[in-house]
Amino acid sequence: MNSLTIFMNALLVLVAVTGLLVALARNPRRQVFLGSLFGTELALLFFLWQAPDVAVAELAVGGLVLPALVLLTLARVEGRSK
Amino acid sequence: MNHFPEVIAAWLFVVGLYGIVTSRHLVHLVMCLGIIQAGTYLLLIAGGYRFPPAAAPIFETAEQTTLTSVDPIVQALTLTDIVVGAAVTALLLAITIQIHKSTGNLDPQELRLMHRP
Amino acid sequence: MIALAPLPVVVPFLAATVLLLVTPFRHRGLFDLFSVSVALTAAGLCAVLALQSAVHPIVYWFGGWRPRGGVALGIAFVVDPLGAGLATFVAVMVAATLAYSWKYFKAIKALYHAQLLLFLGAATGFCLSGDLFNLFVFYELMSVVSYSLTTYQSDQKSPLIGGLNFAVTHSIAGALLVAGGIGTLYGRTGALNFEQVGRALENGPVDQVVVLSLTLILVGFFAKAAVVPFHFGHVDAHSVAPTPACVLFSTVVIQLGIYGAWRVYTTVFWGALAAHQEQVQAVFFWAGALSAVLGGVMCLLQRHLLRMLAFSAVSHVGMLLVGTAAFTPDALAGGVVYIVAHGVTTGALFMCAGLLLHTWSSLDELELRGRGRSFPWSGTVFFVAGLAVSGLPPFGMFLAKTMLESAVPPAHQTIARFVFLLSSTLTGAAVLRAAGRIYMGWGSVQTPEAVAPTGEEKKETLGRTRPIVMQLTATILLLLGLLAGQSSHAGTVAKLAGERFLDVRTVREAVLGQPVNWPAQTVSPPQLTWSAVRFGMSTVAAALTLAALSLLYRRRQNEWYRYVRFSWRALVVGLNALHSGRVSDYVLWLMAGVFGLAVYLRFVLM
Amino acid sequence: MMERFRQIVALVLGMGLFTLLIWGWSALPNFGNYPGPNGDIVNRSARAERQVQNAVAAVVFDYRGFDTMGEEFIFLATVMGVSLLLRKPGRTTDEQAEGEQVIRKAANQPVDSNDAARTSGLVFVGLLVVLGAYVALHGHLSPGGGFQGGAIVAGGWLLIYLVGGSEMFHRLSSVVILDRVEALGVAAFILCGLVGWLLDGRFLGNWMPLGQAGRLGSAGTIFALNVLVGITVGAGFILLLREFIKHLDEVAPRRRP
């Protein structure tokens, strides 16, 4: 195990934990931020795995556009109930 | 630890499924679907990696093509998969908004398709 | 010679983008005319491909990336008569659906037409593709279009919930199961081309990787094919989607799911599992038997017309699986005739139901009692289609069932016969009962089905919709169903197609090696014996009797009768409760299905 | 009660599935031992044959360009589906676009956006759009490509909404134009493939001059398709955002009376 593998495995554990937190989070708003974090971690992992194309795509989509869509949805569905 | 990435991919699949089954909010359900999709990305990309640390499949000079690199095909597949995942997520979110509009309820356990006479 | 292979996909796709671009010149009739002619063009192209591929398998490499030393870098279309024939059928069904929806919906730009054309391109691509990931892409495109067709009436509650259930279960099936299975196979073989993956698996051991990928891919396609217990999301969507979409869901989408399973199994896993064929085929057989029986029973218990027809489709897909589980050329030939004949006949039924919805804004059999009297024409079509569904000679369904039945290996004959009899009787009886109740006004409203779930329908059509066009399309489809029953033509062609589909060696040589012709082969037309006709007539008689019994049902104070009524009601309530409409239950079924199948395959294959 | 039961069943099945997947995948090659051969062949030959530096772009737009075409249509179908879903009932979407011009006067403004914040925000919009265009244009040379670039541009557009409010966002993203742009992008993708088919029967074949690897206009159709995908994806994502923001406007006045 060199430092690179340690870093990879640590990142994998982080991804696993964040994924679990997203699934267990009951508050959708917190979930969006966790989800965005999850996407960013995945992107970092893909950078490490020498997949920069996928990493950029995941960063743009999973870290930015999709969380934005989710936030817009949440604003819409919670707006009326308040 | 030879298959650690696959273990994490399996974990993400199962966590996502558990989240969907126990979900009480449609937005939460959609996010859990995203976790399952992330499991697929991990599985694919991990399958193309190489030790000792190989280079990314980007070749600025012709000499670099002779070095060992990681698999570009899985990366292309994952890109396609990300688009598909984003597409499905967007559609489901739109359905969520409409469901909220017509029923005012977003709990998947309480949404019923047809009524009992 | 010009390579036509990409055109059946490219033409509808291009036409869809054209429709989106010319929106300013809004003219509804023009959209209808344009899209129907595009679908017919695609059908013609597919038919030409089918004829061409009768001589030799057509292998088309996109971008000209031919395999190098047996390694396929590009994507191939591998066209054989069976796949191309199925693609033709799909195109004809889409054309019929488009013709049926002539001035049907309020036009929202040309989005409806564009969606249907995208669906067509995806479905033909699915039939012709010879690459695992490409197959997945078309699978997903079909799914995405299906979701948005289901939710077309986005201001109503039930289409949205039905669409949600459909989308969630299918996305899991696509993303987790099919994509996961492909990823697993890629991890082992490093390839995506069917033949290359198949060759690599053949040279390797039958181990966990094979078991897991087979499980994931089979369940993924079974979920697409509405096989019990993965049919829930389908039934929900079929009962709430706009009628034209339902036609395609019940006659094309689920059958393509079966076709996908055939295609992947026979190319990718065939060689590797040569020693275990019986054990794998048992999966097809028993999954089919379960679907056929449960679907049939559920079909009879419904009062909502579209839901009833959806369960009928589930039951028929089950019969299809039972009949083709042996994977012999004759079995697959019967399967193809079955898909076509079932498609056109059930399509006619759906179209008649759509006319009722257009006129009365209801799809409830009990509410509609006697209201169909003003439509003697479509009433006749509905009734005759009901007889055809239960297996009346000389309709296509009868020929197909006979071919399927004779292809079942002797060891399973008894069970298969029983399943066929039960399923045909139950689905036929349900349709005939509905025909009697709606178009003749027979029967009482206080029947056991009254406790089945039902929906509130709103009209999806416009005032300008033409009932005559709807009835005409339904009639044409029914006549096509009659045409498909001509054993000397349809049967022979199908048998030859079945032989080609299973000629694994020739296809592999054509894909990874040099172009080859099919070996010379002659087939005899399927034999229609008197005993087959007798069997067909007896299922029809049984269906008519059952329908009559349920129409004659009256409340009586008899002790024995009360017991029957009680258990019948319990069955209705219990089975309908199983179909809870909750997406989380459906996901649990999916998980259980994957787990169960994997455990079974683990013990029989390793 | 029922819910508890469902949780337990999900846990049990989930654990079973977890074991199953790990059991199955444990027979795959160890992590870091990608066996080939397809990827290696692509890596060795793509640069010489297609004058492309990024092998992933070569796979996406050339070797497996047909998949990408399907993917484009999945994206198109989604945008169509979302605009169908989120339309106002009873009106066609074009009429709706005209009608909204009026409604939007009352649309919401971000709470604390003073002019300085808005101006500096808009600078970032420009930066993101330029970055997105750069990523899309250089997909065949460096990491990134049409899809990534398009998504980044859409992110920039989102910033317009954040700093300028929905009024400015809607004014800058006309549905009439974006719809056409998106459809044109996809149509051009197909037409580019059809030209290859007409020239020598290879659909999506690389028929443009290949140029010199490392230059901007190199790699033939890989470059062209990359740009087209960028245009389609950018327009599509902006349309998606627009549909969602449009719905927000309906509740916004109610939220802050």
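Order of writing sets the labels: A, B, C and D. Residues in every chain begin at 1.
By our rule, a contact is a pair of C-beta atoms (placed from the backbone, for glycine too) under 8 Å apart; a residue touches a chain by one contact, two chains touch by 3 or more.
This structure is a prediction, so every number in the text was calculated from the model and none was measured.
Engineer: Provide the labels of all chains in contact with chain A and in contact with chain C.
Structural biologist: Touches both chain A and chain C: B, D.
Engineer: Hey, which pair has more contacts between C-betas, B-C or C-D?
Structural biologist: So, comparing the two chain pairs, more contacts are at C-D.
Engineer: Taking CA centroids for every chain, report which one is farthest away from chain C.
Structural biologist: A
Engineer: Indicate the whole-number Å distance between the mean C-alpha point of chain B and the mean C-alpha point of chain C.
Structural biologist: That gives a centre separation of 28 Å.
Engineer: Compute the distance, rounded to whole Å, between the mean C-alpha positions of chain C and chain D.
Structural biologist: Averaging C-alpha atoms per chain gives centres 32 Å apart.
Engineer: How many angstrom lie between the centres of chain A and chain D, each centre taken as the mean Cα position?
Structural biologist: About 18 Å separates the centre of chain A from that of chain D.
Engineer: Which residue numbers or ranges of chain A touch two or more of the other chains?
Structural biologist: Expected reply: 51-53, 57, 61, 65, 69, 73, 76, 80.
Engineer: Give me the residues of chain C that touch two or more other chains.
Structural biologist: 133, 137, 140, 144, 147-148, 151, 154-155, 180, 184, 187, 190, 192, 584, 588, 591
Engineer: At least two partner chains per residue is the criterion; list those residues in chain B.
Structural biologist: Touching at least two other chains: 4-5, 11, 13, 15, 17-18, 21-22, 43, 46-49, 56-58, 69-71, 73-75, 77, 79-80, 82, 84, 87-88, 90-91, 93, 95-98, 109.
Engineer: Sort out which chains touch which and give me every pair.
Structural biologist: A-B, A-D, B-C, B-D, C-D
Engineer: Which residues, counting only chain B, touch chain A once they are in their complex?
Structural biologist: Spelled out, the residues of chain B in touch with chain A are 1, 4-5, 8, 11-12, 15-16, 18-19, 24-25, 27-28, 30-32, 34-35, 38, 41-42, 45-46, 48-49, 53-58, 69-70, 75, 78-79, 82, 86, 89-90, 93, 96-97, 100, 104, 106.
Engineer: Would you mind writing out the residues of chain A in touch with chain D in their complex?
Structural biologist: 51-53, 55-57, 60-61, 64-65, 68-69, 72-73, 75-76, 79-80, 82
Engineer: Under the touch definition given earlier, write down the residues of chain D that touch chain C in their complex.
Structural biologist: 6, 9-10, 13-14, 16-17, 20-21, 23-29, 34-39, 41-42, 62-67, 69-71, 73-74, 76-78, 80-87, 89, 92-94, 179-180, 182-184, 186-187, 190-191, 193-194, 196-197, 200-206
Engineer: Any idea which chain C residues touch chain D in the complex?
Structural biologist: Those in contact with chain D are residues 2-3, 6, 10, 13-14, 16-18, 20-21, 23, 60-65, 68, 71-75, 106-109, 111, 114-115, 118, 121-122, 125, 133-134, 137-138, 140-141, 144-145, 147-148, 151-152, 154-155, 180, 184, 187-188, 190-192, 207-209, 211-213, 584-585, 588, 591-592, 594-595, 598-599.
Engineer: Which part of chain D faces chain B closely enough to touch in the complex?
Structural biologist: The contact residues of chain D facing chain B are 3, 6-7, 10-11, 14-15, 17-18, 21-22, 25-26, 28-34, 36, 38-40, 42-44, 46-48, 53-56, 58-60, 63-64, 67-68, 71, 74-75, 77-78, 81-82, 85-86, 142-143, 145, 147, 213-214, 240, 243-244, 247.
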